[in-house]
Amino acid sequence: MDFKPTIVSFLCNWCSYTGADLAGTSRMKYAPNIRIIRVMCSGRIEPTFILKAFREGADGVLICGCHPGDCHYHEGNYKCLRRFHLIQKYIQQMGINKDRLRLDWVSASEGKQFAELADEMTETIKELGPCEVKNTMEKLDKIC
Amino acid sequence: MGEDEKNKKPKLKMAVYWGAACGGCCVSVLDVHEKLFDVVAAADLVFWPIALDFKYKDLKAMPDGYIDLTLYNGAIRNSENQHIAMLLRQKTKILVAYGSCAHMGGIPGLANFSTKEQIFDRIYCDTESTENPEKIKPQHIYKVPEGELELPIFYNDVMPLDQVVCVDYYLPGCPPQTERLLEVFMAIVNGSELPSKKTVIGAYEKSQCDECERKKTENKKIKKFYRPWEIEDDGETCFLEQGVICLGPATRGGCGTRCIKGNAPCRGCYGPPPDVSDPGAKMMSAIATMIDANDPEEIENIIEQIEDPAGTFYRFSLPGSILRRKVV
Amino acid sequence: MSNRVNPDLKKELRKFGEGDWNDCFNCGNCTAICSLTEKDILFPRKEIRAIQMGLKNKLASSVGPWLCYYCGECSETCPRDANPGELMMAVRRYLTKIYDWTGLAGLFYRSKLALFIGFLLVLIAVIAVGYVKGFETEALMEFGHLFEQYVILALFTLIILPNIFHMFWLTIVKQKVKAPVFSYITGFWHLIWNMFTQNRSLKCETGSFRWLEHFLIVIGYLLLLFTTVFLNWFSTENNFIIWLGYIVCGLVFVFTFDFIIDRLRKKREVTKFSHHSDWLFVIWLFLLGLTAFIVRLFVDTNLIDNNLWLYMIHLIVIAQWGILLVPFGKWTHFLYRSFAIYFANLKKSALKREGKL
Amino acid sequence: MEEKRIGVYVCWCGNNIALMVDVEAVSEEMKKLPNVVIAKNYKYMCSDPGQDLIINDIKEHNLNRIVVAACSPRIHELTFRKALENAGLNPYMFEMANIREQVSWVHTNREEATRKAKSLVVGAINKVSFHEPLDKRSVDIDPATLIIGGGISGISAALLIADSGNKVYLVEKTGKLGGHTANVDLTFPYLYSAQQMIDFKIKRLINHPNIELFLDTQIEEIFGYVGNFETTLKINTAEKVELKFGNIIVATGLKTFDPSGIEEYGYGKLPDVITSSEFEKMLLHGKVQTKEGKVPKNVVIIHCVGSRNKNYHEYCSRTCCMTALKYSNQLRSALPHSNIFQVYADMRAFGKGCEEFYTQSSRKDIMFLMFDQQNELPKIREAGKKDNCNLIVEINEKLSGEPIEVPADLVILMTSMEAHEEAKNIAHAVGISMCGNDFYIEKHPKLDPVATTTDGVYIVGTCQGPKDIPDSISQAEAAAARILAIILQGSVHVEVTTAFVNEEVCCGCQTCICVCPYTAISFDEEKNVSVVNEILCKGCGTCGSACPTGAIRCRHFTDKQILSQIEGLMSITLEEV
Amino acid sequence: MGENERTGIFFCINLNGNEDVVDIFKIAKNAEKKPNVSVVWYSSDISLSDTKKFASEIKNLKRLIIAGYKTGTVKSFLTEAMVIAGKNPENILMADFNEYGANTKADTEKAKAVVECAILGVPFEAASVPGETSVCTETLVIGGGIAGIQASLEIANGNQKVYLLERTGTIGGHMAMFDKTFPTLDCAACILTPKMVEVGQHPNIELMTYCEVKSVEGEPGNYKVRILKKAKRVDISRCIACGICSEKCPGKAVSEFDAGTTLRKAIYIPFPQAVPNKYLIDADNCIYVQSGKCGICVKVCMVDSCINLDEKDEEVEITVGNIIVATGFKVFDAKKIERFGYGKFPNVITSLELERLVNAAGPTGGNICFRTRDKKGNWIFSDDNEKPKSFALIHCIGSRDENYNKYCSRVCCMYSLKLAHLIKEKLPDSDVFEYYIDMRAFGKGYEEFYERIKEEGVNIIRGKTAKIEEKNGQLLLRTEDVINDRLIEQKVDMVVLAVGLEPREDTSEMAEMLGISRSDDGWFLEANSICDPVGTYTGGITIAGVCQGPKDIPDTIAQSSEAASHVLKSIINGKIRKSIKDLSYDKIVSNAKEFSK
């Protein structure tokens, strides 16, 4: 059986989303497993979103922001970085492999890097297999 | 009955029940002290097994909607909890999830880091003081010569009340502050307009900090996290500014900042303010933002100092949080 | 204090040639573009730098300038038009002055008047000798022959050898270069080979024709010296020697004539600026070949007795050449260059011994 | 609450989308969703007929929320928002799903692409359900401008703005205009008179009817935001004046480095070691001489004093190389027989005409000596009796590799430029930030060198970083351009998708305040809540994520919107085959 | 003025080896006759090495005027002399002809006026004020690089109409080609494209791409500009930039945007983020235009009547009040220096080519590869090629060189450091060598960047590489390491030439059309290098960016905004100054007399 993961991806508007667009304009092909959500800055991304994505059945979450120092809003990406490390520690405690959550920097000219990242992430998740969060929830709900 | 009696409002029918709870909530009801007389004057306690002698059959016998107000404390741990919760729901007009456990899962909810098997193994086999060479564990049905013995089913997961029945109001706290209970009680008795359903009552909209008397500034930058005993608290400065994790900002006020006044940081028993679904996640976000570093390695080192984020940020709210339990 | 900078040195150097030492901003292009520079022998920038800063000792101890054959590539590509090639030429003149214990070389380079007086004195002396000898062909020719031999001997013992030793002192001894003894010997054959072929200049970008011209002049000149001084060309009856003499004379004046034309045209980098010493060198060499040719022609046609003036001119040219130009002029470059390679090789071996190379 | 009526439009983009995505299936699927009133697909949604389709549907079906699934919102979000506006709907009741750049162009399996497109559209529908109408906001601009600093930058900016008929308040801390330029004799590289240039400008400034001049004046706190600032000036530390203005130009200039901390140079101990500004005065007064009043025979000019060295300032002061060359020209002219030595590290002759100036200057018999400005500073010591000079400078010369001694009678130290002592106070007063070395930080080092992160506040000249006169003037007039443009507009638009604080919930923990890169959040002590100044807010949303109580909401990207978008996205997953 | 104002004038004659262009003696003769002028000297008659002697000559004077060219070179001599003579050195006035733009043979009258103003004690700027005239509020910006973009936005944001004219099919200029910008290393596209989009969508900017200026007539405040609109052959109002036409197009050409590192089609979009984001046809390489046979693009285009292969060039005329010239530069043609083998050795490349190679959106997707020949024999870079392991960057190619351009190109040091960093980032194990003369890291954060690059392990060597040869498939560089006193013969796989900036080929044509001057080095000449670097002597015409002289992005931005400020000022005032170059001697002198009252 071929496992097709779903990956929710949060991209900042100024660098990473533009980079993903560039991958499109440059017609670079990548795995269709990434679902992109646009936020203005990676600093807007909060743990709630990430947990929600897992809860709704995402097998992986990918966060992309501007390269350090490049943030359109100066330091939003650093704040994202700090949250990322804490949330990664938390999801591990909750039995979720830390590789299911990834943070990377993609600039507006790095369409290719984004495409590669998407493929890489999909591969990683495929190796890890489906994320059991949603199943667990469903089992829980069945009890009642 | 005289005319007076007739005009007098009928006495409120009230029930109190506990699920997976420590009993503290029930005690908190008793903590009304002399006000108990007012309560008794206004309400009849129709079901409160811990205080008075009631049987399940009494409850079953009541017509639907017979009880005006039920304070259900404790989480749902087993089939008995669930059964009674559902029964009470059926019989009750206003069902209140009373206390942190019923509200969000509370301390028993921390069991969601483990499975049923792990818990049984630990309790009945592995604890140092246990001698159980045959590894006998509780069974749902156990045949004895006299017939079948039945124990409630021990669930794999702990749940807050609202995951098994519809809850009208939440009255948070571990245990709830007695004054808050009285306020709520009196409001119901007096027939004041009740807030919209499924909301928290008996707590403030604003978080702890609003009441907290410690000095707060914008200077929330953390280079190092401290456990409360690792630092000499000056009793005045905001815990967060001292690098001590305090869940106050993500926790409703209403308790009168009990812990903080006792120089211990808030642990979050009063649950999240409105609009926040997962206080742990919110607090993690806030705490991480305060870290005063941009270098990935330095950030990791600082975060390393938070030994148990899940336990710290979800002490009272794990079953009620987004992830609810550890994935196995 | 030896390592005190001296802003006046460049002013002095300016008297020895064209070009402005100030222009160089030390990018090192000249050193790198030169085909003759090697890992341990760097020029011309280092010399230019020594002059800019007035480090006289450093300059005096340098052999670099002698290794340059002035192809002009450095000047063509110099980003600041500082003309390093010509500056090297000036340094060579300056070094000639430094090596020369008599001080005349320096005087002649700097002062055209002194040079003129020198030429005049030699001219008068030759005429005086002619007068003493009664303007008799035979006697004069014999005198001339002897004169050539003595002059050569005297030059070598009194001026050239001491000067080369001075050069050795400045570049090797004073610099405490400790080369292994065998390198002195092995290097010597190299020295002789270089002296006659100057084959290093073949490495220059200017190509082999110029080298060939140079080579033929050198060979021609040396053979001419040999045929006249040792085979007594003017008086010999040996046909082989006579013809040899003609050929070598021809080589000398034909190619020097081409050199003169080249300098007049100023087309190549090397010929853009000509110091008076450059002019004198090529013209006198040309005259030397030409007058010798004509003298022997007159001897062969027996016209010489009636045209003694011709021989007198030849003698004057020879005397001026031998007494002034050879020891104090550009001629010595021929020796210094060869010895510079020898010394450079010594330095290399010394470095090798110290393990620095 | 008003009923949600959503219209969904799927674009073919010719074949660009339609080839890889089954647009028909997508629109059909969407019809099944709650609140979706209408779902259509069309060849080119961005074309005029495409837009008309939306407009007509809005009117006909009373739609109040629109989702378009097409190309990247970076390309056409504005187009469709305008269409909504034309249909009388608030433009923010709109959401785009990017199914071209992020679906059809990057995937190869039509089925999967279609499924992904569906999920993106459901996400957008979910999100748009929680959109709220947002109003465009603008603030009026007070045409007056406050300029802090009366140096060449401040003067140039003031003249330009005032020449355009607008009021300028020029505040100078000292009693004299012209700043450092007023102490300079000649400019490089053409050696024009700096005095004549600055004198003329000052004269014009003083007589200008639109310029109000405040000398000996200090600035206290400045309040307000772009277009509407106000402050109190303290003149001569006594009299106070209140001003209102719309824009601020900070031109506080520089301070020269004090070299007495550099032991090797002995400045302050050796009388004939002087700084460049002291030498400049000598030139102005025509008295180039040693302390003893003698004509110096040897003059040594040492570059990079306090610059390009980790112990002092790491940065390059940009102008010293050329100033030093200028000095050698002037020295050659004033003292024709002197020996001039330039002790430099890299010759930075980068401006127009500067390299040529370097070439020309070097022809004037100047000795250039290179030193290592990082590790081996030259040492200056007193000369002995035999040395025939006052001082000896010991240098490890790099171009020759020799340790050398240079005779000197006068040593000029080319001191670096530093940020002004009061830079910090001013920064605090106007609400701008500084880089590590106390120069002000610009909005963007490349594309916005004069603006700051605070709208309406501009930094020009050397307070932003070392620079020469033309570069300072360029910056000053650049800031003036920005201000004139704003004045011409009369008002400025401010970001709509800002954050705001729900005061009912905010507990006053103040976590958000230092999170904001634009200092848009302040604390209201009285109400014990944080307050977002929505004029300063740029809508990055970082504060919303940092707020532990959920009191801060980031318009257009609220928790609710994003969480429901996630739900939508995940409602259609890739089927397991 | 009376006896106290006794003035001497010191005329500089051919100072510094420069030849005076105006007739100084004629000017001196004129000046001598003026009241108060009691004595005139010529520098050629004075011993400039004897201050005391000259001091004795000025004993009776109050004021001293230095007139001519290079007046600054004698200023200090005269200051000293004034002090020795016991006079106030502040009474020296400089009347530099060059400063006030009297720098051609025809400017003798102007120079005369400069001296006369000095005699009257009036600043020349105050006297050389031309009259004002009304101004048309519309502005033309020539050149759509970052300078033109910035200037246009500044003006347009002031609610004024701007025509932005661009020669190529997209705005963005050279900056769009760069990968990262120094010293912050933020990507050029990330910061530039939002500005480009803003221009494209700005209601006040009329973008005219693929257009050229044919002629400029009229006067300040009211210029009639004829513009050639080259046929794009694609209707940009219809094109949806789907790219299918380009995909199928058989015509190929060297990609200008990729600096020739790869090929593009004849119907093309200059680069993915081009503004306007529309295709256009390069007629020179279009098979249909050249031979009349093809038309594939028309067949595959999905939009009706979008491509019109027979479209013709057209001319339009616009009227504008101000013109900002922001035509930028071209890079030095490295083929001119044969010894570096550019054009001969495929892996000697220019910095601009490397810029495209390291760009993730470039021809190799950000991989640095060898240049090889493709099947059709074109030398291009392709992703599949092998990667070089060692690099050398050579500074000052064509700059700071008397044989080519004498000036410093100002940006090469920094962009070379940046490229070295990018190479190290992409190929961390590679060896990178940089050969420089002077490291000109002068801007904000530049020196710190230089230090950082040094720490990253780039070998930075002071010395100008002299030549490059090919040896065993590698490139051999010969350089003197000046500081460590050794000759380096370095073998590397790839050499990057840090080419300098040069005025564009059409600069002189443009200057003539606009009636502005050029400085000796070919760039446009500013009105005053110190206090008016964007103005010209022609009213209503300002210059901005590199076309005035090499500069980096922040300086270009500042200058462009500065140019815009001049335009906005004239628009606000409704009036504009006429050309200074047209002012007559009499007018200036009468102004001066007026002013001195």
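Here the chain labels run A, B, C, D and E in written order, and each chain numbers its own residues starting at 1.
Here is the rule we use: a residue touches a chain if its C-beta (ideal position, glycine included) is under 8 Å from a C-beta of that chain, and two chains touch if they have at least 3 such contacts.
Bear in mind the structure is a predicted one, so any value in this text is a computation, not a measurement.
Least step count on the touch graph, chain A to chain C: 2. Taken together, chain D and chain E share the touching chains A, C. Listing every chain that touches chain C and chain E alike gives D.
Distance from per-chain Cα centroids to the pooled protein Cα centroid is smallest for D.
In terms of C-beta pairs in contact, the better-connected of the chain pairs A-B and C-D is A-B. In this assembly, the chain whose C-alpha centre lies farthest from chain E is B. On a Cα centroid basis, the chain most remote from chain A in this structure is C. Remark: chain B and chain E have CA centroids separated by 71 Å (rounded to whole angstrom). One finds 32 Å separating the Cα centroids of chain A and chain D.
With centres set at the average Cα position, the gap from chain B to chain D is 51 Å. With centres defined as mean CA coordinates, chain E is found 44 Å away from chain A. Each of residues 277, 282, 285, 289 in chain B touches at least two other chains.
In chain A, 18, 25, 27, 46, 48, 52, 75, 79, 83 are the positions where the chain touches two or more neighbouring chains simultaneously.
Within chain C, residues 25-26, 46, 80 each touch two or more of the remaining chains.
Working note: touching chain pairs come out as A-B, A-D, A-E, B-D, C-D, C-E, D-E. The residues of chain A lying in touch with chain D in their complex are 1-6, 8, 13, 17-18, 20-21, 23-25, 27-30, 32-33, 35-41, 43-46, 48-49, 52-53, 56-58, 72-76, 79, 83, 115.
Note for the complex: chain A touches chain B at residues 46-48, 51-52, 54-55, 68, 75, 78-79, 81-83, 85-87, 89-91, 93-96, 131-133, 136-137, 140, 143-144. If you check the complex, the residues on chain D that touch chain A are 72-74, 98, 100-103, 105-109, 112-113, 115-116, 119-120, 123, 453, 497, 515, 517, 538-542, 544-546, 554, 557, 559, 562-563, 565-567, 569-570, 573-577.
Chain E meets chain C in the complex at residues 339, 396, 400-403, 437-438, 462-467, 478-482, 485-487, 489. Contact residues of chain D toward chain E in the complex are 13-16, 44, 46, 74-75, 78, 156, 160, 163-166, 185-187, 189-197, 199-201, 283-288, 307-308, 314-316, 318, 329-337, 346-356, 359-360, 370, 398-399, 401, 435, 439, 444-450, 464-466, 469-471, 473-475, 477-482, 484-489.
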